Amino acid sequence: MSYARQMLDTYPRTLNVDVGMLAAAIDALSDCAQACNADNAADLGEPDVTEMARCIRLCLDCVDVCTATAGVISRQVEYDAGLTRPLLEACVAICRSCGDECERHAHMQHCRVCAEACRRCERACRELLDALK
Amino acid sequence: MSYARQMLDTYPRTLNVDVGMLAAAIDALSDCAQACNADNAADLGEPDVTEMARCIRLCLDCVDVCTATAGVISRQVEYDAGLTRPLLEACVAICRSCGDECERHAHMQHCRVCAEACRRCERACRELLDALK
Amino acid sequence: MSYARQMLDTYPRTLNVDVGMLAAAIDALSDCAQACNADNAADLGEPDVTEMARCIRLCLDCVDVCTATAGVISRQVEYDAGLTRPLLEACVAICRSCGDECERHAHMQHCRVCAEACRRCERACRELLDALK
Amino acid sequence: MSYARQMLDTYPRTLNVDVGMLAAAIDALSDCAQACNADNAADLGEPDVTEMARCIRLCLDCVDVCTATAGVISRQVEYDAGLTRPLLEACVAICRSCGDECERHAHMQHCRVCAEACRRCERACRELLDALK
């Protein structure tokens, strides 16, 4: 069981969603940030980095947005739709763009793994968004 | 002239907005993150921290969202509305909530200064959003 | 297998340490940041937040330092002792302080879980430091 | 006057250094993170990105370390040498490496500006380190 899940079991929230779904989103966001950081590093080591410039840029955006969102939803004791909804929408958007770009060069194993992390994170954020409606 | 402005003058972008407005937003986002980090530290040093819990939480959200947004819009060589718009909307929302909360205890000088940084950032993000329409 | 480990298997580095040890450090750093973010949120929800002020401050430092270190060591294709060593030392120091503070109020379950994440991260960073000597 | 300076004037600390020096370090760290974020984006837009790979990597490390350090020293109400010293040493190291690399291609204006931000941040962190001895 991840720390996110263990922690969510220890204190009350008014963010009225299933604790398993919330923990899954936090885990997917952390994992996606980790994968994008690593993919980025791997892209920078490729023989033709110019070819990877867009992938690097999207991975960097994905790290920034996923890290911020993980922080914010970990703190959402009190639900603030005005903040949480657009933030999750931004996550869905960047995970999709970054996942698409990584899939375009899935012949590189690091991009294939990263695409998978982005897809999983996109799905988890979308599910949380739907549950918050 | 801030580094953001000096840098934006040195390379081309397709993010079709006035360079001065973009630099003002990046500066306001950095300043707001700095102010919220400091306000947070000051809140934790108050005699009654329980009273400040909401303010601390909102300042932390504000640091996370502003830092991520500054990174993303610094990298927006290619404009991605699906990402940039909700991210700026999330910024506007958290800067408003955090600014309102800080204003509620503006008798503490650190909260008064922080409220001002939040208001300025909210305005800069709103202007950028309007320009991107 | 974590994304960090899967990714490290896909590209060459000159950071001359066992890939399992490096992946374990990256995972422990991510987990610790996640646990400290959550503990922080839980502390802010306690009836007496004043009592938790030091814990909150240390958790915030721990999130910042662990997140930065995870990013840096994910990118260490080329080993830079001048950067990596003091950064890992800073991690060891904050994980110890934060772990000690969390243990002081281990009667709160969220602090007990967080202390465990800090201890594991301190150990993983220390092992990596020793291996880099 | 920067927000860092305005805020530091509003609350007591035991970090026994001149408030002007502390504010200068926080400002230099924020500015350096901003410049490195922008330089990074500019590098990714150069015709030959492969040539810029090392610069990109160092800029990313510099953003991560400077952002974390700005957060930590903003919160240093209580001085913790075990954390602050190695963290500032890590900053000095990455600012020097990143500044050197940027200077190597100072014919690109964005790298020249970034080198200047790195030099200024290296100096500010070194001065703070000396004052903390």
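We just call them A, B, C and D in the order they show up, numbering each chain from 1.
Going forward, a residue touches a chain if its C-beta (ideal position, glycine included) is under 8 Å from a C-beta of that chain, and two chains touch if they have at least 3 such contacts.
This one's a predicted model, so the numbers in the text were calculated from it and none came from an experiment.
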Of A-B and A-D, the pair joined by more C-beta contact pairs is A-B
Greatest Cα-centre separation from subunit B belongs to chain C
How big is the gap, in whole Å, between where the Cα atoms of subunit A centre and where those of subunit B centre?
21
What is the distance in Å between the mean C-alpha positions of subunit A and subunit D?
27
Residue numbers of subunit A (touch at least two other chains):
40-41, 44-45, 57, 60, 67, 71, 75, 77
Considering the complex alone, what residue numbers of subunit D touch subunit B?
2-4, 6-12, 26, 30-31, 33-35, 37-42, 44-45, 63, 67, 70-71, 74-75, 77, 108-110, 113-114, 117
Listed in rising order, the residues of subunit D that touch subunit C in the complex are 54, 57, 60-61, 64-65, 67-68, 71-72, 75, 77-78, 80, 82-83, 86-87, 89-90, 93-94, 96-97
Report the residues of subunit B in contact with subunit C in the complex, numbered from low to high.
40-41, 44-45, 47-50, 52-53, 56-57, 60
